[in-house]
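Two complexes are shown next, each including chain A; its partner changes from chain B in the first to chain C in the second.
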Partner chain A sequence: MEVFVQLLANTLQIGSVYVLFALGLTLIFGVMKIVNFAHGAFFTAAALVVTSVMPFATATLGLSLPASYLLAAIAAFAVVLCIGAVVFSFGFQYVLKDLNGSFILSIGLLLVLNGIYLAIYGGAPRSVPQVLPDTINIFGARLTEQRLALVIIAIVVTGGLYLLIERTRLGLALRAVAQDQEAAMLQGMPYRRVALSGFLIGAALAACAGVLMAPINAVTTVSGDEFLIKAFIIIIIGGLGSVAGAIVGGLFIGMVESVGGYFFDPSTATLAMFILVIAFLLVRPQGILGNAD
Partner chain B sequence: MHGRSHSQSGMRRPGPVRLLGLAALSILLAQGAAAQETLKLGISAPMSGAAATWGLGMEWAAEQAAERINAEGGLSAGGETYMLDIVAYDNKYSATEGARAAQTMLSRDGVKFVVGAIGTAPVRAMQALTERQGVILFNTAWGKSVKGPDFPYTFTQMNTPFEILEPFYTFVKEQHPDVKTAVLISPNDATGQELEPLAIETWKSLGVEMLASDWYERGTTEFQPIATKIASLDPDVVDFSAAPPGDVGAILKELDVLGWDGVKVMSAGTSVDALTAVAGEAAEDAYLGASADFDGPTATEVQRELNAGAREAIGEPLNGITISSYDAVMALQAAIKAADSVDPAKVKDALPTVRFESSYGPSGFGGEALYGYPQQMLLPVIVTQVKDGKPVELTRTNPAELEALLNK
Partner chain C sequence: MQIRSPGVWACVALAVAAVLFALLATNPYHASLVVWILTNAVLAAALRFVLQIGELNIATAAFFGVGAYTTSICAVLLGWPFWLTLLLAPLVAALLSALFGWVTLRTKGPYFLLVSFAFTEVVRLIYTQINVIGGNSGLVGMFPPMAIDAHYPAFAAALLAAALFALYGVERSDLGRLFKAIRNNDAIPRSVGLNVVFLKVLCVVIAAAAVGLAGGLHAYANNVIAPSDFSYFVAILALAYVKIGGEGHPMGPVVGAAVLTLVGQRVAGISAWENIFYGAVIVVALLAFPGGLIGLAGRVRGLVRGGAR
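After this line comes the complex of A and B, so read on.
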């Protein structure tokens, strides 16, 4: 019984990060109809900023660990939003709804950003202390408070995104351009501005995942890229452009990884994910919650 | 007035004396250029990604060796003097990139000597070209498949599991005579696959039963599932095989959360800094088979100097992998001197018999009995343990061939 509770806890821990990461990717695809291979670079930038600002804030400014983490998180969001605004203004706004163009642009951008991160931070893994390092036991499942906080924050952020999309004018505009961009423009919606908003929200979600993971995993200059392939698997299974699909897909892949890794091994679990993607592409290419068109 | 006269004389055709002077100057310049040829030494290693620290360190160590030799006037062979120049390529730890790096290095840069290549898969890809084109390939690949009489241009510049595992596991078993069970975790690539059967066999010969041998993909981000499995099996030992320090650190951290506290063994453990950066206190007491304390009392003067320089230049201390390019350049220098030539075919024939000063001390090549060709650099096997976040050397064993070489 304890093993199954632990596997459930593992699923939630793994799945919650995947959900946050995949939500941004699917939102950008839904609004801009582009595939952003540089999405992982936003995650990486945020995590790297946390590893720079936190030690500085504690050692030089004398802040407590939670305060320095908060300051680092603010700095990380600011940096990622700046990078997002720059790459949108000088690149992505010219390839809206252009899959080939966005593919080439985002791959090039990824290489450039990775090179910049490597030049600034070097190749060694970086880490910061956990703000909540204690281990807790929930019905036999052991996890750190930091991981539990990550799960709770991921749920709150996902709920917030849902409310933003369903209950606000910006959300309405995002849904409108996602459904039919030309019809939305005919209604007077500024498509590029809405696309920029969607792009920045997507980047902020990746930044959120990066900020939450920085105290948990070691950060390297390619940390985000390692999540990218999983995020593509998730949004293919969940449904390209579907917010609910990203949530379902993220938790599903988290479960495959958790259960498969335990009963077989992580390599088999990874293989199973790729087999699942092939199966979905053959049987239900629109994914679990995607639209058939 | 003088300027004008100079200008006017400049318009005249040069006389025979001037022509002779120019010719003499040209010959002198040409001789000067010929006297200082450049010998390019290649490196194919991961310069990005999780293993970037290995590639960057290896490039830096090779540059130090090249700078030392250049500062002493370069390398003389066949009446020429060669200044060494390091050219490094990112192989991203993959066969595809390894092949691409090899193509560029050999075809465009005309490299005839590779003084460092990391990863069995990229090395195999590179070897297909280097052996065919007669290019010397020093590498750190752990796979046995890259060695043998069919690969006479290939030389291994660091200890591999075939040198490390037996003395390493035996020492760990002596420290923990009660251990009876183990779990092996290996990266699912050429290195891991070649190491796994040897690791299982060696543990078995020491009376340790392997409860499970599991695989994971490089680039895995979440290690809770495998940690949960290990904790539920509750082995006395977890052997992380060829897993890099970052991945081991992540698993150790999760095992710590789950309350497992057994003997931690890293055959490919190279960098304590990288391990503790990820695992923190969970890395305490871990045994490493490929690390060394290059600041400690048993380190040589060269190792201390290089280590201090590396910390300053790349922010990372050196380890068994990264320092190996320094040793490869030193071995190459000795072989070129012995062959009195930079022809790779002659250098290849000289390498198995040369004696040179590695960063560890006197060294040479051996391993003919095991691999069928003397292409393994002879170096001490050093076992270290993490104590208070630092590597502490516990024991140092010289292979029999190295011992014989030292006693000559």
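After this line comes the complex of A and C, so read on.
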């Protein structure tokens, strides 16, 4: 029972970060029909900003730990949205709907951004103190409050995104563009602006994951890239462009990783995921929740 | 129905010159640089070869590694003869790529791209997990036989150049036309009764065989290989060579590999600037010079001719 609850807790905690990460990737694909190889760079930027603003806020400004974390989070979102707007307006908007071209562009951007991070921050891992260091017991499973907060925030953000897509005008535009860009433009929707909004929301989701993970794991200049291979596997399983697929796939891969990592080792878990993906592609080349086309 | 252009003979002359240079160079560094450039050229040409059917094959890096590991395992662990180990490298790479292609190329959209990336990283992970093949530290001690040891760079350069010509030959053949037809609109080749999935797999297999051979030659040239030599970054560099040289022309990957390998000698080792350099090359080439250096040269020539008239 204890093991079961512990594994469930691990699944939720690993899975919720994966869900946030994969949601951004799948949203950007849905709206712009591009696969953003540089998605991890948004995550990394947010985490790195947190590691540099938090010590500054506590030491120089004398703020309390939660207040400085909040300030760091705001700074992180601002930085990521700026990076997102810059790479969109100087790059991605010229390769919309060009799958290979945009992928190649995003590879180039990833190299440039990683190089810049490395030049600024160097290679050493950076860490910040946990804001909620206490541990709680749920049915015998141990979970830090920090990780519990991560899961709750991820659920709230995912719910918020769902409402945004289903209930707002912007969400309607995003869905319309994802379904049929030309028909949406004929209805008078400004495609470029909708694409930019979708891109920035996607970037913000990656930033959210980065801000949440910064106090939990040490941050390096390539932290975000480690999620990329798993995010790819998630969106293959869930179907590219499918929001529900990203949620289901993210939790599923979180489960494979926590259960596989517990009984075997992390490498075996990654291998198992890949074999699963191949099996999925053989049976359903369009993903579990993907459409046939 | 092949059109013989004078450019082909110029390329043959260039290849002969490269082999002769590797044979006669007194500085071993210069000789190995020729091999390194041609290895990169084969990687880039293979990447471009699969781009013919409209797919970006990150697993180019994986098949390079498979070739290198096949040769090294057969040579170091099994003690098989040199020629056999070198022959097996392209064969094993081709076989594995056939399986990989058969699974991934039946899908539509970006799945091939995504799986080829995941495949590359997973294959690398597998190398690190097997202790017999050295785990993280890899394998050491692949040496060419004594008889050709002194001239190995020239030998490798000749084989790599041959691989480049073979890729070009296929591209100019009827099969190459079919690949281009698939890229343009795969419904048309299908409508005349061609098996499009088989042709796509064939394209990936041919490219993988060339890359596998390059991997085997790389193992003997380097004498040591490690899993980290075969990450997806290898394919990204190959992509940079293709983009800077020009995707539209068969010589593009070769020009790109030569230019960037030589320039790269200056930035290598400074990790941050190396990343920024290659990244900027890709971004600028993609956005500003879609035809690469060769496209640029063509445009300049057109301007000069236009001005003369």
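Note that the second predicted complex is superposed on the first by the 293 of 293 C-alpha atoms of A that agree within 3 Å, B and C clash if a C-alpha of one lies under 4 Å from a C-alpha of the other, contacts with A are read in each partner's own complex, and residues count from 1 in each chain.
Heads up, the rule we're going with is that a residue touches a chain if its C-beta (ideal position, glycine included) is under 8 Å from a C-beta of that chain, and two chains touch if they have at least 3 such contacts.
This structure is a prediction, so every number in the text was calculated from the model and none was measured.
Aligning the shared chain A places chain B and chain C in steric conflict. After overlaying the two complexes on the shared chain, residue contacts for A:262 are found with chain B alone; chain C is out of touch. In the superposed model, A:174 makes contact with neither chain B nor chain C.
Residue contacts after overlaying the shared chain place A:227 against chain B, while chain C stays out of touching range. Looking at the shared chain after the overlay, A:125 reaches chain B, while chain C stays out of its contact range. Residue contacts after overlaying the shared chain place A:281 against chain C, while chain B stays out of touching range. Once the two complexes are overlaid on the shared chain, A:270 sits against chain B and chain C alike. Look at A:235: by the touch rule set out above, it reaches chain C but stays clear of chain B.
Contacts of A:94 after superposition: chain C is touched, whereas chain B is not reached. In the superposed model, A:104 makes contact with chain C only, not with chain B. Put simply, of the chain B stretches 93-101, 147-155 or 309-317, the part that bumps into chain C is 93-101.
Comparing which residues of chain A touch chain B with which touch chain C, the overlap comprises 114-115, 118, 123, 229, 267, 270.
For chain B in complex with chain A, the residues that touch the partner chain are 47-53, 55-56, 188, 214-217, 219-226, 228-229, 232, 246, 249-250, 257-259, 273-274, 277-278, 280, 314-316. Interface of chain A with chain C (complex): residues 29, 35, 91, 94-95, 99-101, 103-105, 107-116, 118-119, 123, 228-229, 232-233, 235-236, 240, 267, 270-271, 274, 277-278, 281-282, 285-286, 293.
Chain C contributes residues 51, 54, 56, 103-104, 106-111, 113-115, 117-119, 121-122, 125-126, 128-129, 236, 239-240, 243, 271-283, 286-287 to its touches with chain A in the complex. Within the complex formed with chain B, the chain A residues making contact are 3, 6-7, 10, 13-14, 17, 114-115, 118, 122-127, 129, 135, 142-144, 217-218, 220-223, 226-227, 229-230, 257-262, 265-270.
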